[in-house]
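Worksheet: one structure, shown below.
Think of it as A, B, C and D in the order they're written, each chain with its own count starting at 1.
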């Protein structure tokens, strides 16, 4: 089962909404499943429109566990600071194959909206 | 037509919202199409952030039928209990090729939101 | 450019909501792009949970055109009658490669929700 | 890293909603990540139901940058005019591999809705 997934995933549309309404905070999560029997060590590269990429390092997803990493919490994405209200893209690299999905909750305007995509798998 | 789809599918972002408003209940569904001429016998593995995986067994999707399995109903997912309000991921394994999509309805904050992804196909 | 896309696409999660609020009607669309220089002739197979599949035939997507086919309008899906409020799945088959995306607008509970997936490509 | 992504991407379901409510304008964005070390030069072909395709040319996504291109702003999509309220599809072609995601925000009916798909990759 160790070869399920890919080592590199890319998600082009990242954007943490600035505003929230109601009790649910606008946020995004990079959802990783590690179905293998080995822990996965993950690094993240955040790309922007007008500045150099920013790296987050040393995120661990244990064997047979999932982690849903909030991009607005630097401690969950290896120390990277991702500003709100700014378009970004993200590349996820793992030392063992994983599967990556990216989801957004936007409560910026009464009620809430969700969107989600599986990343684009690159290296198998 | 028996080779359309894949035997293993992975969806990293599972989360059954705790709250519902209005007449529609927050829920998720694992939607399976079996386009083949043979019944499909399906097992599900649910992965969590901080506990061992949970298995559901013996779900049948008949030949040339679809089933939309509610993850909050153990009787629809082979007996697995998936708690609300907890991040999870799911791996679907079938004995014949199928196609898997995962959708969420969230009515946790006035109005409703939907999200949906096709799973990541692993073994063909 | 005639090989861009696939001849068979599958979408497991179909569901035309029964209720609508406001001015926008709940609906789904099967969005097809034919980027080739030849007209595409398309047939659709709708699968259900508890009845035989239903076929729609003879839908044409002209060369270098897109069509967004409403599943609640039999005249747009080759004569197939897809009931509201019933889970279904759909398989799209074309005589030339096309690209297929499936989207839902749900206005069943104040405000509106959208979801969309690219189909699962089968034969290239 | 120059081979991550694809040179051609297709998104069948484009539609810029005509109405907006609240402070957020209904819009779509073609989100491109160029993870390579070379600038990407991009052309876009917009397909319609009842008219000839329209081209946009000369969009640049610099090396290691993302751009989220609003389809309602001709200056962001190489000069192409995409009307609101009309179904379209889009094909993105790049001279270096990129990754393409397409997202819609619809605020046409109180509250907001989001949908997003990764494009269908064609040439690697």
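In the analysis below, a contact is a pair of C-beta atoms (placed from the backbone, for glycine too) under 8 Å apart; a residue touches a chain by one contact, two chains touch by 3 or more.
Note that the structure is a prediction, hence the values are computed from the model and not measured.
Chemist: For the two copies chain A and chain D, what rotation in degrees overlays their C-alpha atoms? Round to the nearest 5.
Modeler: 90
Chemist: Do chain A and chain B face each other with the same patch, meaning over half of the contact numbers show up on both, or with different patches?
Modeler: different
Chemist: Where the centres are mean C-alpha positions, what is the separation of chain C from chain D, in Å?
Modeler: The separation of the two C-alpha centroids amounts to 21 Å.
Chemist: List the centre-to-centre spacing of chain B and chain D in whole Å, with centres computed as mean CA coordinates.
Modeler: 30
Chemist: Would you please write down the residue numbers of chain B that are in contact with two or more other chains?
Modeler: Residues 110-118.
Chemist: Along chain A, where are the residues that touch chain D in the complex?
Modeler: 8, 10-13, 15, 45, 47-50, 52-53, 87-89, 91, 104, 106, 108-120, 122
Chemist: Going by the contact rule set out above, which residues of chain B touch chain C in the complex?
Modeler: 4-5, 22-24, 29, 31-33, 35, 64-68, 99-101, 103, 105, 107, 110-118, 121
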